[in-house]
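Chain lettering (A, B, C and D) follows the sequence in which the chains are written, and residue indices restart at 1 in each chain.
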Amino acid sequence: MTLFQKHRGQILFLAGVAVALAAGWRAFPVLRFQRVPQPVAFSHKIHTDKAGAKCEDCHSLRDDGAWAGIPSLDKCAGCHAQPMGTSVEEKRFIDGYVTPNREIPWQVYSRQPENVYFSHAAHIKLAHLECRQCHGAQGESDALGPARVDRISGYSGSPHFQDMDACEDCHRQRGAANSCLACHK
Amino acid sequence: MGFTRRDLLTFTGGTTAGLLFTPVPWGLLRDTAVLSENWPGIPQPLHGEIRTRYTTCTLCPAGCGVRARCDGDQPVGLAGVPGHPASRGVLCPAGLVGHHLAFCRDRATEPLAHGKPVAIESAAAAVSAAIAACGAREAVAILDPRPGRAASLVYRRFLAELPKGVHCAPPDSQPNGPFGIDLENTRAILSFGAPVLDGWLSPGRVLANRSHFQLIQVEPAYSRTASLADLWVPVLPGSEDEFATAVVRALQGETTDAHAMDVARTLLRNKPAIAVGGGPAVARLNAVLGSIGRPGGFLPRRDFTPVTDIASVPDGSIRVLLIEETAGGDPLPWDLLRRKLVPQDPVLVALTPWLDGCAQHADYVIPAPMYLESLDEAPTPAGSTVAGFSLSPALLTAPPKLAAPAGFVLRLAHDSATYPDILKRRVAAIKKGGRGAVFTYPDAKSTRVSDIADLWKSMLGGALWLDDPLPAGTARGADLQVCAGPPGPALPPNREYPLVLIAASAPPPHGSPLMSKLYRESGLRRPANAATVHPKTGRDQGLADGDRAIVTSRAATFPVQVVFDPAVMPGVIEMAGQAVSPASIRRA
Amino acid sequence: MAAITPKPARYGMAIDLDRCTGCGACMIACAAENNVPPARPEATPRTGITWMRVYQISNGAPFPDSRAAFVPILCQQCGKETPCAAVCPQEAVETDPATGIVDQMPQRCLGCRYCMAACPYHARYFNWWDPQWPAGMEKTLNPDVATRMRGVVEKCNFCHGRLHAARARAAAEGRRELHPGEYLPACVEACPAAAIVFGDLDDPASEVARLARDGQSFRILERLGTEPKIYYRTTRPWVRKAAAQPGPASAPGKEPVHA
Amino acid sequence: MPNADTQLMPRGVRRSTPRQFLLWILPWAALLAFGVYGAGLCLVKGLNQTHMDNRFAFGLWIFLDLTVIALGAGAFFTGFLLYILKKSELKAVINSAVVIGFICYSGAVAALLVDVGQPARFWFTFWHPNVHSMLTEVTFCISCYLTVLFIEYIPIVLKNRKLRQIPSFLVFEFELHKLMPVLAGVGTFLSFFHQGSLGGLYGVLRGRPFAFREGFAIWPSTFFLFILSAAAAGPAFILLTTWLVSKVSGKQLVRPEVLPMLGRISGVLLVPYILLKSIDTLVWIDSTSPARGFAAYQYYAWKPFGAWILFAEIVVFGLAPALILLRRRLRESPAWLLSAATLVCLGIALNRFVLTIQTLALPTLPFDPFMSYLPSWQETATFLAVVAYGVLLYSFSFRYLTLFPQEKDLSC
């Protein structure tokens, strides 16, 4: 009691500090991002294991070196015109997208700012990077996690796609070009 | 004791201090910075697959090949087709951004009857009725901006069915009549006001040959061409024909006019030489130069069908006038057209993509597809020595309610065929004729027509058919008279109009908003309202450089911005797109 | 691993002033290629954005002896003590060692305009307005170039989007090096008179290097010592005089340069 | 209520009645509001609200910044003389000097924030600094020095009669006071630096032969000229303001010998400045400019920027006031003293004007025209807002704080 009275000031101050630290380190990183679930429950695992698909089968380079990214619906429809399994998810997917021929509004984990120029061709064909080096174990994942979108800037908050420093470090280590317009446009 | 204000302050102090050691401030700073990088409301490009597609430019008669870089199906950049025989892989500034036209304001997007939206059927019915209601002596006319197309044929057929149908074209729409210009072999060009270096024929073809011809520009205006020509002969406005005659006499060794002698000498030194532009005397001049039917001169081609010049149609004779306007063409002077119509309730039908041209006066507006919005055609490229034809496949999806002019006329004729059918027939005819070769854009190769299995398909992929040349010596000098315009009026200045108004090159009537780079965002080209005068002339009229002023001619008065240029002929006013006429200028 | 960076190039241009007819195709092609917004109604030659700008010059002789020539001015990509790069307070401007191109980063730019004051060629342009396109026209924007925002400086970067595209194509074929001519700025491609030659000034075999070396070529404001990479050529003495003489010809009382 | 008002005032000095004070404040407040509106337009709608353009990338505002910062130099230099060189007579004006310094610098920074196209990115300069840029130097020094001035301002505020009653404030103020010499030292260093960098700002523009100067190490000669000229102008400006305030308030604020002393300091510094400036100009005309292909006469071929500007800068606004201020007899007479001080301040303004505006007006391309520029009303309003802000802040400080310690003794 008297002790509290004596150090009332300091205690309150420290309490403030504690609250701030908790909010800043625990709450902020969570609140900062909005979690957007994927429209379709897709399992890379099943497709690689059961269907024996390889990354390049769906995610490929075009002839002009541009990255095709996530395949369009017809790629899925190729096999999923009719249900292949018995899962409810698949049925919902077919009824929701394949039958009405609606493109799937995938949430991109790695959405880059408009002014960023990233060449998959250079990183795959020249630097020989593995997909996982940037995309982690996405290829083996059984379910697609939600995409994290920064509430203010609207950018991807994926753990695998850190900010510019990460790119720069790697480029520095490998002695790759590091000028602004090497990666910006 | 309770929680005092001071406690609150201490606590807040603590939190503030604490926050500095968390990611909050830096995280927020970074986010705001990133936010400022893609500022809200800034349009973002599409990101589809990049494809290349080919078509042919129909904005002007040059018929340049177009290579379109498309993002998905949307063209995002236009460029020339390398090796294209008519355009040599080059586009003009307007052509480079032709894919923007579809997004311009003042577009006609639905059929209008007396300003009110109507269904295309009812518009057609009304027009048919008007045609049926024509009196015996009253004509039905179609104004065809680009004769020689398959569409023109549709018009002719339709008009032939009518008791009094006139297929007419704007003045000077068939320069050099049946002749092409053998630019590749000519060594001197004596140009009477033709904008040789500023949009004449096709820029690519002219500039590719620029290094091997002498250019003499006879023109009162200090035009682009005049300023760049090897010799500029600034004759008085309207005296071009006089000078041509003088040159003829000089060539025959009869005159002593120093300028004419000088010019004649240059022409004789650089043969073959040709004279272009201007009036009858210029035709004579070409005869004397022997430039007709000879290499390096005017060579005749097959496909020519003369069309009535609208100016030569008797005044007050047309009851129903259908005017086709192209996406890039200049609108005709309205007073000229009005004179041709019958005084009592004439019917004017505008087949046009624009609302701001003749559509303003039209009873019926039939919205035509914009450039690149529908399958179109390009006839023989301007100045080509052989007949030619190419398709202009669509790259953009057109709004629903548009109707191609030829398609509308087919509808009037109750012909079941569509415009594409007509184009198909034209291509089939070419195939049947078996003459000439086809230059295909994607591979830049020329193939004999006879060796092509599916001509229609390869034409749709972007191609230019060129006829075989006519055997030499099949041309008569007299034919060139066809194309010679009337001589300009000689203009003695008088008290009321002390100056002479002459044409300076005008901005295109419609164009991509990016054309502002040339006309407003840089001094490269003078805007439409610039009146350029010699400083002395200006000062005599009590003007200063940059003044706002009023130019008055017999025809009209215009508000202008005065520009002083010591290069301009004293006593004249140079203004965008004006006919030669006496004029005065005073400070506004 | 030096191998990862291709042999550095020093891209430059040789512009033949005797061929240029001032048609402006380069300016239009440039604006379309680089997503430069069209002018606002209030815009003037002094507030407009033209990475490539063609100036008309005159021999100064009055009627009827006047002759005109046209001088395309774009960023001269200064190679030494680059005035703009030196002054930018936050490294929004830098010279790319791999290409010699002076990069401008609008996303880093504060909009202080110090670089514009520093540039002797007036080749830098400020976004005085929010960029705006007519409704629907944003679909025609070039995907290889990011649009800029209000309040930042931009300038010619030799169509860097095209360089990216060319590199991507090469990478897809497993190449690091670009073939000569594989990468051309839009203005070079669009010029109907083929007045602009573009290439690597350090590659002795390249056309541009040859032109730069021969006697006909000069650079504008050469004596400022900033080693610009744009060479101009002409055989007309007055053009050379009017374009190459250091210091403004428009100075009052300065004799005009006659043909 | 007046008595509360009087309780806030320093003891033993008389101040105008609240009504008078209000009447004095109102017009300035109105001006400030108007200016803030203009600045707001520039921030919301963008810099198209100004008449600056791609050729006149800098305009009225940069001129304002350079000038007020030069005039604000009185703060650091007086501090330097008082705390470092122990010129204790300057105690009489140091507080006023600090306030003026604070006003000038905060005003300049405010104007700069409106001037840049992306104010939200102001911190980029600290995050990604380009160490070769003079502007980086300027930004760092000015922001630091502004902080210093702020800290120097605090004790003056805390000395306020009412605030003194809070014991902890008193202690804090006392502690701060011991810090003053240190702060003055730091401030002096920073100021010397950024005054110089501001000069360097233009001196390094090798693309602008009119402004470009050779120099020592990385610093062009303008770097040093600016330091000197600012040091000379600072005291002159304090002299002027002190006189002005005593005229407006109708009180004697400092002992009669103080102002002439300030004048003398200014004069003493002006002489070397003029000397160096003349030498620098000659070197520039003779070699620097011609070496870059520009004959110096060209610059003065355009009206209104004739050679008269050089003459005015060096003789009318430099030599003349210097001679006046160095002659004791002239210095003692208020008329001479004040006109000389005015000339000095005008000279500085002209010098900054020439460097900012004339530099940009002159074409560099052979085929480029001479450009002129008139600020838009929004620009002018923002400019006036800074002035109004200064007057207001100073008026309040003068009313409630002790800016002139001697006033008390002189008034009784």
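Definition applied: a contact is a pair of C-beta atoms (placed from the backbone, for glycine too) under 8 Å apart; a residue touches a chain by one contact, two chains touch by 3 or more.
Treat the numbers as computed from the prediction; the structure is a model and nothing was measured.
Of all chains shown, C has the CA centroid lying nearest to the centroid of every protein CA atom. Among the remaining chains, B is positioned farthest from chain D, on the basis of C-alpha centroids.
Taking the mean of the C-alpha atoms as each chain's centre, chain C and chain D sit 39 Å apart. We define each chain's centre as the mean of its Cα atoms; on that basis chain A and chain D are separated by 52 Å. Annotation for chain A: residues touching 2 or more other chains are 62, 64, 66, 113-115. The set of chain D residues that touch two or more partner chains comprises 118, 121, 124.
Multi-chain contact residues of chain B (touching two or more other chains) are listed as 32, 35-38, 44-45, 50. Pairwise chain contacts present here: A-B, A-C, B-C, B-D, C-D [touch as defined]. Put simply, chain B touches chain C in their complex at residues 36-39, 41-48, 50, 71, 74-80, 90-93, 96-97, 99-100, 102-105, 197-198, 203-204, 207, 210, 222, 224, 227-228, 232, 234, 512-518, 520-525, 534, 566-570.
The part of chain C that touches chain A in the complex is made up of residues 1-2, 4-5, 94, 96-98, 101, 103, 105-108, 144-147, 157, 160-161, 164-165, 167-174, 176. Chain C meets chain B in the complex at residues 19, 21-25, 27-29, 31-33, 35-36, 38-39, 43-45, 47-50, 53-56, 58, 62-64, 66-68, 70, 107, 130-131, 133-143, 145, 147-150, 186, 189-190, 192-194.
Put simply, chain C touches chain D in their complex at residues 40, 42, 44, 46-48, 55, 57, 71, 73, 81, 83, 86-91, 108-114, 116-122, 124-130, 149-153, 220-226, 242-254. Residues of chain D that touch chain C in their complex: 46-48, 52-58, 115-118, 121-122, 124-125, 127-130, 132-136, 139, 201, 204-209, 291-295, 298, 301-302, 359-360, 362-371.
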